[in-house]
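Mind having a look at this structure? Questions to follow.
As written, the chain order gives the labels A, B, C and D, with residue 1 at the start of each chain.
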Amino acid sequence: PRTYMNQARPALDISGIFPPIATPFNDRERVDYDRLAENLRKYSRTPLRGFVVQGSNGEYAYLSREERVEVVRKVREVVPKEKILIAGSGCESTQATVEMTLEMAKAGAEAVLVVTPCYYKGSMNSSALVHHYTKVADASPVPVILYSVPGNTGLDLPVDAVVSLAQHPNIIGIKDSGGDITRVGLIIHKTRHLGFQVLSGSAGFLLAGYSVGAVGGVCALANVLGPQLCELERLCVNGQWQEARELQYRLIEPNAAVTRRFGIPGLKQAMEWFGYHGGYCRSPLLPLTEHERKDLRKVFTDNAWL
Amino acid sequence: PRTYMNQARPALDISGIFPPIATPFNDRERVDYDRLAENLRKYSRTPLRGFVVQGSNGEYAYLSREERVEVVRKVREVVPKEKILIAGSGCESTQATVEMTLEMAKAGAEAVLVVTPCYYKGSMNSSALVHHYTKVADASPVPVILYSVPGNTGLDLPVDAVVSLAQHPNIIGIKDSGGDITRVGLIIHKTRHLGFQVLSGSAGFLLAGYSVGAVGGVCALANVLGPQLCELERLCVNGQWQEARELQYRLIEPNAAVTRRFGIPGLKQAMEWFGYHGGYCRSPLLPLTEHERKDLRKVFTDNAWL
Amino acid sequence: PRTYMNQARPALDISGIFPPIATPFNDRERVDYDRLAENLRKYSRTPLRGFVVQGSNGEYAYLSREERVEVVRKVREVVPKEKILIAGSGCESTQATVEMTLEMAKAGAEAVLVVTPCYYKGSMNSSALVHHYTKVADASPVPVILYSVPGNTGLDLPVDAVVSLAQHPNIIGIKDSGGDITRVGLIIHKTRHLGFQVLSGSAGFLLAGYSVGAVGGVCALANVLGPQLCELERLCVNGQWQEARELQYRLIEPNAAVTRRFGIPGLKQAMEWFGYHGGYCRSPLLPLTEHERKDLRKVFTDNAWL
Amino acid sequence: PRTYMNQARPALDISGIFPPIATPFNDRERVDYDRLAENLRKYSRTPLRGFVVQGSNGEYAYLSREERVEVVRKVREVVPKEKILIAGSGCESTQATVEMTLEMAKAGAEAVLVVTPCYYKGSMNSSALVHHYTKVADASPVPVILYSVPGNTGLDLPVDAVVSLAQHPNIIGIKDSGGDITRVGLIIHKTRHLGFQVLSGSAGFLLAGYSVGAVGGVCALANVLGPQLCELERLCVNGQWQEARELQYRLIEPNAAVTRRFGIPGLKQAMEWFGYHGGYCRSPLLPLTEHERKDLRKVFTDNAWL
């Protein structure tokens, strides 16, 4: 817990496990708010620390500006107060990101997660990114969390930019989905004196993240195996590394299956098997083929989850 | 020129040179429609075949939906009828792309250029992309041009997808910015019997593109050296390869400078030197540093353009 | 043809088509010198300009130092004097490359082709590579040709290094296999006043290479379709671009099949179909599976070569 | 500890820290055996488990076949019996690797480390690599350790190939230098029932490696800070994760500096500062510039090692 340099209140503690929640669509590709609410009610009965609404797995890139805000508003209504709500507010331009950030805060987000702009990736050097995030953090009424997800953006937020941005009183942490544990360790080394908090961006390296000082994780797989990830968290925090390792092992392949390998369609399919509503994806994401569905299921049975 | 399979009218002939026009902003990052119009009036007095509004160089990723349409409408008002107006209508979701396509057509676009959706690049395989483009082309009142720009999207539209899509009566060509001339040749080999038209997406390989059968180019550098690119086109089309080569050589470094090396800020700076309004960029794009400006200028003087 | 700056004799003219010849092995993975000789006698009756012995396709990485020299010696015995013999003499260390270069010259090579050292690729910056090639060229009794083949080495010889090395009186050209035609054009632009000669390193962009000023090609496919590549050369040199294009189109897929797609095992299989001895590969290269062989054959039949 | 399936003796336990020792050259680029011996005598007085001779940091790619064997022989003479000697015996061809493996065993190596062949990387799929390693392991009189180092080879040994090879009774482990901790965890998950041992290939993720079940590390930095890495090992093995973390943090930047950032020249320079003989590199590796030397030193002082 750190204090804002120019404010008396402490910054938000974001330790713990957060699912970047999926957005269920109906068969006409409309947001299915009822099923979304049902999912959240179930999730809320588990030790999940809170929710990331519109991380990459929320198909935020396929939502209109209005839908993005509306989804956050609806989630806030359903979710108990003690669960932290983090909203993805990243857009390509700085101005659009600032506006979205303001709207997300108004809709009930307690922090925003801001993905690196990436379309003009050749120009997105440290200077440009520091400038971008500084403007957003200056304007944001809620704390800002950086978000580096090279698998989607083709861009790693450079370590020197992270270290520089960690000094901003309104930038409290980063979700790092790249999986480079050396980089994660280095970021922690260079920023922990500032109270900067690092969240592992994937369940595949959650234990390793804790081992080097990450405080939690934002993991797609938490949409499917939330309580199990919370148990892994508990084991890591308690120093029960042997048990943690046994659990971590069984999560690697399911995690890869619902992310890199089968993407959001895979995630949504797996959610159905575990009692949640995955629902349809928006096009151009295609549903799994029968063959892919079998492969996906095998990953969960092979690791004794089904 | 080919005929639609199920229609009597011929598809649009898109041979020639098109600048993907830059969008000048004022110092408050608002679109400067007056300066945009001035640029277009000047361009219109050259042999440029037409204009691509909201290719990557138009900073379309930083425009709101409303701005995207408004820019096209304004351009259509200014530009003489004989100049072809192609509008970028790509969005991440299929539905948003369809809607933007309809609006662009209404705003006066004679064809749309549709970039590959790319945020969920791990899922953007041939099936997903063929599905996406087919839906868009089915719905579009104007011909559709595919757009593959791996430097921005991290994604190459696969050759097999291009070949498959070339058979759609409303998909008339591709802008390929990847620079892999072997791929360009292969696409032409596999699609020319369908009248499919390939445009080189960069001035760096414009001559080479013509040599393997491309019909033109959409080149950022045409914002700066439009008449010169038209002259290169003329030489290639007339088979004056020796002269073409001399001209091509001098364009490679300036082209790299206003694209990969210094990006849109470099392009806009160079435009100012050649009598056009570059204007400001939207943040997070930063203006060139003094040092970069000097390096950029040196590229143009070294190649005897300044 | 250029003259050495400090010598009276002209440098070697290397325009034309060269196969980087395959090395046939017998079923015990020994070099089959008889079959190699037979291949070369056949090739020598075609307009091929000469031969590259121990380009990547010669499996040079699998030959001992002694075998590398012996193969060159045997080839020189078989091949008529008017055919130019270029030997690959690249090794990882500068000293080993110098020694191999001396031996290759003694064995009858009229020039050496020197691949970029690549194992410590993180340290192979322009300085290191310029230093390496300068040492080799200083020591070599025969002209040196640079060799950039990123598909194998993971390393592109930087343009600035090429431009710098082109000024060395004993460095006469480059084989560039990367396929980036913009880069090829730029290298020619910056070095042609020195008489530096660029060879396309693959048949897939042979026409495009000629269009921007390359003087020939070193093409794996010339092991299979040598006379056809010479015909393509003739058409390009004569300015019969239309006919050249028709021929080029049909070569792209066969070329990809015997290089990137099926590698040397594919090349050797195709050689057998066209009357040459491909023979076995050395392990760990595996022979094609039955299924791969069918796919390979289909590529040649689809393009009307079989 | 596991038992060979078809032999009574236990396989080699390779847990612990191993430096992949540097090879000091004199100013004429000859191997400086005396200084090498001096280094090893010093190292031998520390808790290092043993030595890897001719990992990538040994500049093995720059040694002749004879030198490779001779260096191993000399090291074996100097090093006490209780220190394990692992020799790099990888070559591009299977046959050469088998021969080098036999010679290394004769020269005193207790195990061999076999890097993935990589020049024909397009053909190095799982089948080819499984075939290669199986042949080598079948022939080897000593246990074989797989070696995946994508930073040098441009190739990751696929997980499925590792899992398959782990079943060979003479393949006892892998050195994985890629740094993908999720992959490391997965390999351990899939092979630990076979007694397969995973070594982290870099000090940057040594703690994280231990956290997911790696048994040790082969770390360039152990040439410089050997005792400190052994201390990190001790802390991890004892479950003193908090102290381990503090130590790990301070090692990340020095490790990056002597590997990715400044390469072997950086490693050798740092060795000089810590009382070892780094000596010269073989060309084309260049010595550090004065500026680089300062930057390197700063990394060690910033992390309180100097």
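One rule holds for everything that comes next: contacts are C-beta pairs under 8 Å (C-beta built on N, C-alpha and C of every residue); 3 or more make two chains touch, one makes a residue touch a chain.
Please read these numbers as outputs of a predicted model, since none were measured by experiment.
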{"item": "Reference interface A-D: repeating pair among B-C, C-D or A-B with over half of contacts shared", "value": "B-C"}
{"item": "Distance between chain centroids, defined by C-alpha means - chain B, chain C (Å)", "value": "36"}
{"item": "Chain centre separation in whole Å, for chain C relative to chain A (CA means)", "value": "50"}
{"item": "Contacts with 2+ other chains: residues of chain B", "value": "none"}
{"item": "Which chain pairs touch, all of them", "value": "A-B, A-D, B-C, C-D"}
{"item": "Parts of chain D lying in touch with chain A, wherever the complex brings them together", "value": "179-182, 185-186, 188-189, 202, 204-205, 207-208, 210-213, 239, 241, 245, 248-250, 252-253, 255-256"}
{"item": "Sites on chain D touched by chain C in the complex", "value": "29, 56, 61-62, 64, 92-96, 117, 119-124, 127-129, 131-132, 135, 151-154, 260, 263-265, 282-286"}
